[in-house]
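Chain naming follows the written order as A, B, C, D, E and F, and within any one chain the residues start at number 1.
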Amino acid sequence: MFYTDNKLQFPVRVETPDPQFARALQQAIGGVEGEIRVAMQYFFQACGARGNPKFRDLLMNTAAEELGHIEMLATAVALNLEGAPVSIKEEIAADPVSSAILGGINMKNLLSAGLSAMPVDSDGVPFNMSHIYASGNIAADMTANVAAESTGRVLATRLYNLTKDPGMKEMLAYMIARDTMHQNQWLAALEELGGPTNVFPIPNSFPQEQENQDFSYAFLGFQADGSDPVAGRWSTGKSLDGKGQYTSRPMRPLGDEPVLGPAKPNSGAQTEQL
Amino acid sequence: MFYTDNKLQFPVRVETPDPQFARALQQAIGGVEGEIRVAMQYFFQACGARGNPKFRDLLMNTAAEELGHIEMLATAVALNLEGAPVSIKEEIAADPVSSAILGGINMKNLLSAGLSAMPVDSDGVPFNMSHIYASGNIAADMTANVAAESTGRVLATRLYNLTKDPGMKEMLAYMIARDTMHQNQWLAALEELGGPTNVFPIPNSFPQEQENQDFSYAFLGFQADGSDPVAGRWSTGKSLDGKGQYTSRPMRPLGDEPVLGPAKPNSGAQTEQL
Amino acid sequence: MFYTDNKLQFPVRVETPDPQFARALQQAIGGVEGEIRVAMQYFFQACGARGNPKFRDLLMNTAAEELGHIEMLATAVALNLEGAPVSIKEEIAADPVSSAILGGINMKNLLSAGLSAMPVDSDGVPFNMSHIYASGNIAADMTANVAAESTGRVLATRLYNLTKDPGMKEMLAYMIARDTMHQNQWLAALEELGGPTNVFPIPNSFPQEQENQDFSYAFLGFQADGSDPVAGRWSTGKSLDGKGQYTSRPMRPLGDEPVLGPAKPNSGAQTEQL
Amino acid sequence: MFYTDNKLQFPVRVETPDPQFARALQQAIGGVEGEIRVAMQYFFQACGARGNPKFRDLLMNTAAEELGHIEMLATAVALNLEGAPVSIKEEIAADPVSSAILGGINMKNLLSAGLSAMPVDSDGVPFNMSHIYASGNIAADMTANVAAESTGRVLATRLYNLTKDPGMKEMLAYMIARDTMHQNQWLAALEELGGPTNVFPIPNSFPQEQENQDFSYAFLGFQADGSDPVAGRWSTGKSLDGKGQYTSRPMRPLGDEPVLGPAKPNSGAQTEQL
Amino acid sequence: MFYTDNKLQFPVRVETPDPQFARALQQAIGGVEGEIRVAMQYFFQACGARGNPKFRDLLMNTAAEELGHIEMLATAVALNLEGAPVSIKEEIAADPVSSAILGGINMKNLLSAGLSAMPVDSDGVPFNMSHIYASGNIAADMTANVAAESTGRVLATRLYNLTKDPGMKEMLAYMIARDTMHQNQWLAALEELGGPTNVFPIPNSFPQEQENQDFSYAFLGFQADGSDPVAGRWSTGKSLDGKGQYTSRPMRPLGDEPVLGPAKPNSGAQTEQL
Amino acid sequence: MFYTDNKLQFPVRVETPDPQFARALQQAIGGVEGEIRVAMQYFFQACGARGNPKFRDLLMNTAAEELGHIEMLATAVALNLEGAPVSIKEEIAADPVSSAILGGINMKNLLSAGLSAMPVDSDGVPFNMSHIYASGNIAADMTANVAAESTGRVLATRLYNLTKDPGMKEMLAYMIARDTMHQNQWLAALEELGGPTNVFPIPNSFPQEQENQDFSYAFLGFQADGSDPVAGRWSTGKSLDGKGQYTSRPMRPLGDEPVLGPAKPNSGAQTEQL
């Protein structure tokens, strides 16, 4: 169950409204690296968490935090959009700066939302909830969370570099710090699950003797000339999961050309396929 | 540039066609954990790889491998669909097994594709390329790849448990092994980039003194009663990135209730909002 | 800012797990009439609310409630999915009931989520955030909310009729009651805004003398034989917004056939179009 | 069955082509508040209308009208796009106005459609037919239609304010008037169905004694400090559906923390979850 | 401008309602080969038709026909859904036929639409208007229309084979015939445009001397072993557009490995990439 | 199985980076006329090809080619994006050219991908794999391929006209030539299948005596005034498939107004509908 107090987690102020920056901020709301994604991802992972209940609590707690981040960003978008024109006056047509502003925003922020935030990315594409990764495997979920916070912090630093507004920089400096913690938080959860050598390969409950172990630690090459693939830590030495030795070799096809045979009668094929 | 030899990377055979299993296999083609996703993700990461060129080669090489996996799975789907009915005969209406088969497949595999594979998931939802994570940050990409292969292997083991066809088990045992390697491969790439304490927080090129460091390693609580959040590795000790000490505390709002003020004239609001 | 207490708003219990009903419940999570939709819609409307701040508070308060409803439903889905098979045994192939169960669930609930809930509808289609209507016009938002709760309650009663599990009936009886209130709540908000004759036509800030008033209260007919369109309350009497008199008449084209003229050179058209 | 006469319902003329305004107009074609949405929504509601057949006729008649509105807008988009450049000449690179024009249009209107309209919104996002609300409940459909026409008219007035072209203003003045009527038309249909006290709660066929009536007219508070939620018409007095009395109180969790228990063997979970 | 007469273009009757067939019919409404697609495609092509106005008329006329086909199919879906259960009774749980029916339908047809048609495909995926191909090139549009009617007729014959209801067979026999005509109609339009040797390559307005003519009629091989690609009509003889001679040869890379160089500072990359 | 050699099929060079042109090029990667579409379409058609295996080889060979085209374009996008700003400096706000550049790019190319290519179109909309047409009917597939290459070449010529960079013109001149060949290649495949009179109507395996032959070659008119539809090659003469004679006549409804009757009890309808 959720509660609110109508206050912002961290102050949001904009000294000089910048509609183009509002557009950029939309990526942090409705982009695949954005806050809706992490809020809902942690929420659904929590709802499906089986086993030790502390992971449910950890996840739901941080879901609550991320909801507050969407709220902050939505406020920031609305404040930045105050600078956008809502009606055309004679002067604007001849003024390249105003014209560029109108051309440079997400039109929907104006036309659909009346200068407010929307759950869309910086090009106006709505967020799609297929991006909520909640696998039922707690370790896979944690790796997905590390990945989400990594792209999330990359985005936040790009936004930080795109603005010179002190209020916006302050807000983003807070959010970047939270992304630092969240990367570390999910890495810590993987530690609690035993660290890399216990966690991997995910899922660790599948008996590895049932997989085709000739291929479990081989870096295979798919170079057209049959040469060895590029060497690196992935080619030699003990595997990171601690359960094998990396090798490297070119791959050659083990199967033949697949033949499906003729099409069934009444299956809508051409006569030539029957 | 890409080449093909029309052969399968690994043999694909189906002893007893099972249209419902064809539906399940579609998840491994067009699901968000599927092979289109990884093939295209590695491909686009390779195309955008800046810095040391060996990561481009590593990524493009494995993209080529994954393309062959789609091909294997598509063949497996078509072979399993051979068991689906394409026309209704008198007997079928009264036959619950046949009826369930027709109800249990992705209808589009029959109606749109004529008993062949499609780039859709196990519920018939087409793959959307927004799932291709290619961030321009090589470490963020590698964490995304570890995550992708983790959910990928979870899916493959679920499929393995859902079939008793020896051919299908063999194919999946190969694919599970490849997922084992790919998890290890991307973990190895992170090692090459310096391992956790160098890699994190991602991006490591952002000066941490510019983030709000009061919040960089604090596990914040959002419990309604103001209590401390659930304790764990994330609450105490050295942070996994090696750059801080975890702490834990309840969060309280630092901002006020946001007030946007009245709406602009001519902005499509109600008069009461102006 | 949001908080949680990890408890459920209302008890969720399932006496007899029913995987097909889990599929149906998914509609109430990720369907367009579902709880993600209302939670996020009220949230974004709150974030963009300009004018009297009490609407912001009203909306955000109810957003918090709806988040708890998603949590309840996600729990219900997971509990119902306990009845689904995760591995194929010899007996199942010959057993039409088990086979129908597997065919009748959203495959992704099993394959992607490991028997947990997902933000998808009852056919496995992910929720798309374009369904969040937050227009910047408070009255338009309230009508959208009445509509959302109307389809929401229709859905909840359909679900109620599809289950005989006492726990599920109890949970849905609670949710149906909340939908009753929410319909009434948004209707009350429209009353606060002055009721129909003040609120409509939305937006009431646009001067009606600028619209083409010959057509503002005319029910136009588009019957092929030029006859009058079907009569009703919409054809005669005072208009519901109190500002006009309904009339009714067949429509005839006032414009000519549109002619775009030739295509531009270099615009990719056929030579015949230039 | 449908017919056409190749003429426009209302004249469409553009004195000064404005490619950026073409982009804005796309919202009225393929936006969620646009004409495709209402045309198809009324069409599908008509096709599924059960009970009194006059609602089918009412809906299908207005579906025909809206198809003509798409045609008008598509013509307007094409005429406005006449002003867009299709080839780059030396001068353009140095000319900020031309450059802004190219940057400010939907690129697809040029690249995919050759300076014609598309079924996309003002940011180039294709319309998705999930926005067609046709619930099988005639009253829910009518509330959805009121909502659609409310956001539709808000959009049309925003477009009206964004142009100074007399032809475009004339066309939009006609469309705004039609939206006025359509809001009133669907409100009238709700009157025919008995008005608010008969219509609500939707569906009115569900016996209210089966819902949990302790919660049917209570405005519940989800404030973190346990305080009462914001007061208003929704807190006291007779409910708008005439069947209850509004009350208001803070909500506290009635359920416990949900516990799903351990994961099933073979379900792809980590060993720690079993 | 469009008109309706509320009658069906061709009689629609269902002797024995079959909810699973209703699901299959949905593909012909909201599938990518379905009637919404062609109706809207011809409509938008008409709206953007430049040059000889007879193509506008041809397209809009057939758009009107296709709207009537959606209406027929939507009626057929609703009539077939009459056979679906809307409430669970004791007996059903133990009855595999009823259970399979419920599992085998699109759940949304019941839960969202109350046993009516929806603009979704046979797996419940909503139609997306990105499938409306309207290129601004009349010949490209006509080839897209031939393709659309080809997959459309394939689908219709598959549906014909999946039903034994005489009413449904009659309706589909009509629709298959219309698809025959529409394939021929768009082929005839290509004849009017001059036939293959005038029409191709599309667009014929681009001067072929500006393309790299070494590659204009060469069938290139991408076989891993450098062998010639499979021979056929595409390897030798006069090209179908009458403007070249087919040749065939293996392709070898003409470019080097692409090198993007280091990432920009402040671009969110890892330090190692700078 | 697929291989790579890390080299480009054709050289890609950019003399003057142009971020707006990068945006335009994205259409050729992730647009519905783009290279992902054809690569994946040929791939899936190959995987589902039944009957003569040479079509599988033909398709898979060209799929390999198209993968290399995506690679070329992705490289071109990254090179053009080198010109985009990644941080805001004082001067930029006052500089309309820089501001227009930032407003005119796909924001995601910067924010999500760090100045690299993405699988999205020129307005930032991700490619959706529902556009992969692979019908199981080889002739329908070939017509879809002709259509894909027709819109593909139209797009490529538009891009050619939008740039004056010699490197980009060279690359596009190569791609336009390949589209010329591919149009001819698929036309040749239709010739191998017997040419128009054998191929059409697709599918040619459906016995035409089962369709309603009164309507197989009739161009039907849907003009509101009952007049004959526009005349052309489609109205008279032998049909292009060689199996009928075109005729033309107005259509009149053969069915009545559809009546669905009352709604079922418990189906969520209003009482008035029961």
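Assume contacts are C-beta pairs under 8 Å (C-beta built on N, C-alpha and C of every residue); 3 or more make two chains touch, one makes a residue touch a chain.
Here the structure is a predicted model, which means the values were calculated and not measured.
Peer 1: In this assembly, which chains make contact with chain B and also with chain E?
Peer 2: Under the touch definition, chain B and chain E have A, C, D, F as mutual neighbours.
Peer 1: Counting C-beta pairs in contact, does C-E beat C-D or the other way around?
Peer 2: C-D
Peer 1: Distance between chain C and chain F based on Cα centroids, please, to the nearest Å.
Peer 2: Once rounded, the distance between the two centres reads 32 Å.
Peer 1: In angstrom, rounded to a whole number, how far apart do the mean CA points of chain B and chain C lie?
Peer 2: From the centre of chain B to the centre of chain C is 28 Å.
Peer 1: By residue number and range, which residues of chain D touch two or more other chains?
Peer 2: 1-9, 32-33, 47-48, 50, 56-57, 61, 64-65, 68, 71, 75, 78, 86-87, 96, 100, 103-104, 112, 114-116, 120, 123-126, 128, 130, 135-137, 139, 151, 154-155, 157-158, 161, 202-203, 206, 222-224, 251, 253, 257-258, 260, 263, 266-269 - these are the residues of chain D that touch more than one other chain.
Peer 1: Thinking of each chain as a vertex joined to the chains it touches, would you call that graph a line, ring, star, complete, or other?
Peer 2: Looks like everything touches everything, fully connected.
Peer 1: Inside the complex, what are the residues of chain E that reach chain B?
Peer 2: Result: residues 20, 23-24, 27, 31-33, 96-97, 100-101, 103-105, 121-125, 151, 154-155, 158-159, 161-164, 222-225, 251, 253, 257-263, 265, 267-274 of chain E touch chain B.
Peer 1: Chain A touches which residues of chain C in the complex?
Peer 2: The touching residues are 1-9, 30, 36, 40, 43-44, 47-48, 50, 56-57, 60-61, 63-65, 67-68, 70-71, 74-75, 78, 112-120, 126-130, 132, 134-137.
Peer 1: Per the contact definition, I'd like the list of chain A residues that touch chain D in the complex.
Peer 2: Chain A reaches chain D through residues 1-6, 47-53, 56, 86-90, 93, 96, 99-100, 102-104, 106-108, 110-112, 114, 120, 123-126, 135-139, 193-194, 199, 202-206.
Peer 1: If you look only at chain B, which of its residues touch chain D in the complex?
Peer 2: Result: residues 154-155, 157-158, 161, 224, 266-268 of chain B touch chain D.
Peer 1: Name, in rising order, each residue of chain E that touches chain F in their complex.
Peer 2: Listed in rising order, the residues of chain E that touch chain F are 1, 3, 5-12, 32-33, 54, 57-58, 61-62, 64-65, 68, 71-72, 75, 78-79, 86-87, 114-116, 125, 128, 130-131, 133, 135-137, 139-140, 143-144, 146-147, 150-151, 153-154, 157, 160, 170, 173-174, 176-181, 183-185, 187-189, 191-192, 196, 200-203, 206, 208, 210-224, 229-230, 232-234, 239-241, 244, 246, 251, 253-258, 260, 263-264, 266-269.
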